[in-house]
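Should a chain be cited, it is by its letter among A, B, C, D, E and F, assigned in written order, with residues numbered from 1 in that chain.
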Amino acid sequence: MSHLTHLNERGEASMVDVTAKEVTDRSARAQSSVTMSADAFALLSEGAHRKGDVLAVARIAGIQAAKRTADLIPLCHPLALTKVAVEFELCPEDHRVDISAFCRLAGRTGVEMEALTSASVAALTIYDMCKAVDPAMVIGPTRLAEKTGGKRGHWQLADAGIQE
Amino acid sequence: MSHLTHLNERGEASMVDVTAKEVTDRSARAQSSVTMSADAFALLSEGAHRKGDVLAVARIAGIQAAKRTADLIPLCHPLALTKVAVEFELCPEDHRVDISAFCRLAGRTGVEMEALTSASVAALTIYDMCKAVDPAMVIGPTRLAEKTGGKRGHWQLADAGIQE
Amino acid sequence: MSHLTHLNERGEASMVDVTAKEVTDRSARAQSSVTMSADAFALLSEGAHRKGDVLAVARIAGIQAAKRTADLIPLCHPLALTKVAVEFELCPEDHRVDISAFCRLAGRTGVEMEALTSASVAALTIYDMCKAVDPAMVIGPTRLAEKTGGKRGHWQLADAGIQE
Amino acid sequence: MSHLTHLNERGEASMVDVTAKEVTDRSARAQSSVTMSADAFALLSEGAHRKGDVLAVARIAGIQAAKRTADLIPLCHPLALTKVAVEFELCPEDHRVDISAFCRLAGRTGVEMEALTSASVAALTIYDMCKAVDPAMVIGPTRLAEKTGGKRGHWQLADAGIQE
Amino acid sequence: MSHLTHLNERGEASMVDVTAKEVTDRSARAQSSVTMSADAFALLSEGAHRKGDVLAVARIAGIQAAKRTADLIPLCHPLALTKVAVEFELCPEDHRVDISAFCRLAGRTGVEMEALTSASVAALTIYDMCKAVDPAMVIGPTRLAEKTGGKRGHWQLADAGIQE
Amino acid sequence: MSHLTHLNERGEASMVDVTAKEVTDRSARAQSSVTMSADAFALLSEGAHRKGDVLAVARIAGIQAAKRTADLIPLCHPLALTKVAVEFELCPEDHRVDISAFCRLAGRTGVEMEALTSASVAALTIYDMCKAVDPAMVIGPTRLAEKTGGKRGHWQLADAGIQE
C-alpha cells in the first residue's frame, strides 16, 4: 500500500467511501491495560471482590464509548454495532488490570476503532477512579488483538509476529 | 489514602462533591505515543512534511475529545476548559509519534482526565488513519506527565521516581 | 426466563449480540403523563390553544431523545429509527397531560426503549416549562403500551392483564 | 405567577436569562421508582446481592444523564454540576426499586431538572435490563422531593401537602 | 493583527488560552435568513399563523445548537450560556424568513460563535421542513450583527460600514 | 405538493415514516462560502499555502458535523453515512473561500441535510478562526447543488433555473 487511505491525492482528509461494500459479519477485539502501585491495586481489587463498582463503571464506560467512536474519531463511519463486551482480568503479581474489548457488526466496514476506543475509555475510567491514590498509573500498551470479516478476512496480532 | 474517592462507604460509584472547593488555576499535561512499522511511519511523516493532514486531524480530534471528557468518563465533572493544546513529535529512529496534550482551567477540580483523554483520542486517530498500512501499531504507554493547581499543588512524573 | 439477558454468566453487563437477527419491521408505543395543579394546567392549556409552544417544545424534545436512546441507556444498541411521533392529550378534569410516543424501525432489535425514552423526555420538558408555577408536578406512570415485530410478535399492555 | 417563564410575551419558547443571578450553592433531590413482577424483582435483587450489576449500570446511566440534561431538555441552561449521586432501595414487598437522585451546583440556576433527568434515566435503564422478563414494568411516579438554594430557598414535597 | 489567533507559531491549531481573562457580561446577536419559492413560503407562513410548528421547531433547534457550539466548532471554548433566544420575521414580499439569534454569558470569552451557530441551525431546520416543496431554497447571508462585552467592548455591523 | 411533509394533519411536527422505503444509493452535494476582508483572506491563504491548518480544521469540523446532523436537525433520520468529503477553493479576487460538501449513503432517505450541515459548519469554523481579524465576514449563500438517488432521482440547482 503506497498511500494512506484516509487522505486524497492532495493529502486532504476524507471519509473513505464504503457505499459499495457488502454488508458482512465483522468483529474486532482490542486489548489495553492499567498498571498501578500496590496500594492502588489492593484498593481496586478489594472492591472488585466485594461489589465490583470500579470495574462495573469502567465496563459501562467502555461499552458506551464504543457507540460514540464515530463522534470521537473524525474519519470513522457511523456504525450500528450489534454487540459490545468489555472484560477485565486482574494480574496481582504486576498490579495490573488487563482489558479486553470486543465489538461485532453486520455492516460495510470494520469495527477495529470501536474496539480500540472501548478499551481505551475503559482504561481511562479505571485511571480516573484510582488517580487520587496513584497519579503515576500507566495505561497501555493498547492494540488490536484480532479482527474478522471484510475483504481481508481473519487477522490476529500473533500472525504479525507479535506475542499478544 | 485508605479508600477510593469515587466510591461511597457502600462501594457505590458517585461523583465527588467539589461544590465547596475554590476556583483556582489548574493545568495538566499527559503523554501518549503510537509506534508503527517503518512503512506506516514513512507515509505518515511524508504527509506531515508536506501537508500534515494526519497530524492535523489527530490534533483536532484530541482537542475535541478534551471537551467531551465528562461525557465519556462517568464520574468526571463537566468543566469549562480555558485552554487545550495537542503537540506531536516524530521519532524516526523508533517509527514512533510522541503525543503531548495540555489542558488548563480556572475551576474547582483538576484536568488530568481531560489531558489523558485528549492524548488517547489523538493516538486513536493516528491509528485509524494508518491502520490499513499497519494494523499492529501500538498505542501508549499513556500517562500523566505533570499537573499544577489544587490542594496538592505541583506534581510531575519525575517526582514519582519515573523517567518521563 | 431464568436470567437477565443483559448480564453474562458472571453477572457482568454486556450488550446482547443481535448480529444474527433478521432485519424486520418493528414498532413500539409508550405512554407517560404529567399531572399538575389547576393553575399550571390552565397556563399550559391556554398556550396550547393559542400557539402551543409548551407542547411543541416537548414534542421536539421527545423526538430528539428517541434518537439519543443508545447514548443514554448503556446497553441499548444504536438504531437508525425510521419514524418517531409524539402526541399529547389534555385531560382538564385531572389537570393532566397524557403523552404517547411511537417509534418504528426496520432493524435487528426492538424499539421499546426508544419509545419509553421519548415519552420520558417529553414529560420532563413539560415539567421544566411549568415548574416555576408548580414544582410538585408528578411524572408518570410511564410504561410500554404496545410493541410489534421481532421473534415474539405483537404485545400489548392489555394482554398483560393491565388496563392502559 | 400569571405566565410561564419559558415563553415570551408572544408565546415563543426562550431560555430564561440568568446572567444577573448570583452564583450560590444549589441542590435538588428527585425520586422515581420501577415496579415489576415478582419474577423480574427476584432476578434483579439476586444479582444486586451478589454483584449488583443492574443497579451499578443504572447508577452510572443516571449520573451521566444528569450531565446531559441541557442537551436533552431544550430550555435548560448548561450547568457545571459539582456533585451527582444516585441511590436505590429495594422494596421486596411491592417488587419495586425506589430511586433517589441528588445533584448539587455552585451556579446561577437550580438543578431540579438534572435530578429529575438522572432519576428518570436510571429508571429507564432498570427497565431496559429487565424488560425481557417483564415488559409490563411501570416507571414512576417521578417527582422532585426537595430543593435548596436560589431566591426561593428551601422547598420540599412535604411542604406542598404531599406525602413523599 | 498580523496572525490568526487560533494558530500557534508553527501554524498548528490550538484553543486560545482564556484562563486569565475576567468573567464579564458578554452578548452577541447573529442573523441569517432562508429565501424560498412562493409556494414554500405560503405553506410555511400559513402554518405560522395557525400553529407555528415549523418556526417552533426551528427555534428549539437553534436554541439547542447554541448549547452545542463547542462540540461542533473545534477551537471554541465550552461555555455555560445564560440566555439564548431565536426570533423569526416573515418577509412575504421576498418569500424570506429572517432569523435573529441572541446569546448571553457571564464568562471569559465571547459568544459570537454560539449566536452564529444558533442562527445557522435554525435556518437549516427551516430548510429541512420545507425542502420537499422547494429544494432550491437559499440560506444566508449569515453574519454577526452585534456583540458586547470583553476587551473590545461594543461592536456592530453598521460600524463596519455594512448596512445590516 | 399541498402540505409540508414534516407536519401532520394537525400541524404538529413529526419524523416522516421511511420504514417501507428501499435501501438505495443516495448522494448530495451542498455549497457554501465565506467572504472576508483582504487582510483576513491574506492570513488564511498564506497558512493554506504553508501548513493549511485553518482549512484542515474546517474540513474535519464539516465531516464531523455531517455525522451529527440527526442530532442537530430535529426531524432528520439518523443515517449511517458511507462517505463524506469537504473541499475548499480559494477565490483571491473576491477574498472568498468556496466550500463544497459531499455525502453518500446506502439508505432509506436522502442526505441533503447532511451535506448542507457539513458545509455550514465548515463555514462557521472558518469564521471562528478568522473572526479576530474580521468580525464582519459573511457566510453563504448556502444551498443544495445536486442530489441523486431516491424516488425523484437526479436533481441539480441548474435544473431549477439557478446558476450555481
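By definition in this document, a residue touches a chain if its C-beta (ideal position, glycine included) is under 8 Å from a C-beta of that chain, and two chains touch if they have at least 3 such contacts.
All values reported here derive from a predicted model rather than from experimental measurement.
Enquirer: Go through the assembly and pull out the chains touching chain A as well as chain D.
Expert: Chains touching both chain A and chain D: B, C.
Enquirer: Among the chains, which has its CA centre at the largest distance from chain F's?
Expert: Measuring from the centre of chain F, the most distant chain centre belongs to D.
Enquirer: Using only Cα atoms to place each chain's centre, name the chain farthest from chain E.
Expert: Taking each chain's C-alpha mean as its centre, the farthest from chain E is A.
Enquirer: Quick check: how many Å separate the C-alpha centres of chain A and chain E?
Expert: 38
Enquirer: Can you give the whole-Å distance between the Cα centres of chain E and chain F?
Expert: Computed value for the inter-centroid distance: 16 Å.
Enquirer: Find the geometric centre of each of chain B and chain D from their Cα atoms only, then give the gap between the two centres in Å, rounded to an integer.
Expert: 32
Enquirer: Name the residues of chain C that each touch 2 or more other chains.
Expert: Those would be 12-13, 51, 53, 56-57, 60-61, 64, 68, 71, 74-75, 78-80.
Enquirer: Please list each pair of chains that are touching.
Expert: According to the stated criterion, the contacting chain pairs are A-B, A-C, A-D, A-F, B-D, B-E, B-F, C-D, C-E, C-F, D-E, E-F.
Enquirer: If we count contacts the way the header does, which residues on chain F are in touch with chain E in the complex?
Expert: 1-7, 10-13, 32, 39, 43-44, 47, 50-51, 53-54, 56-57, 60-61, 64-65, 68, 71-76, 112-113, 116-117, 120-121, 123-125, 127-133, 135-144, 147, 155, 157, 160, 162
Enquirer: How about chain A: which of its residues touch chain C in the complex?
Expert: 25, 56, 59-60, 63-64, 67-68, 78-87, 104-106
Enquirer: Name, in rising order, each residue of chain A that touches chain F in their complex.
Expert: 8, 12-19, 21, 70-71, 74-75, 77-80, 107-108
Enquirer: Residues of chain B touching chain F in their complex?
Expert: 51-53, 56-57, 60-61, 64
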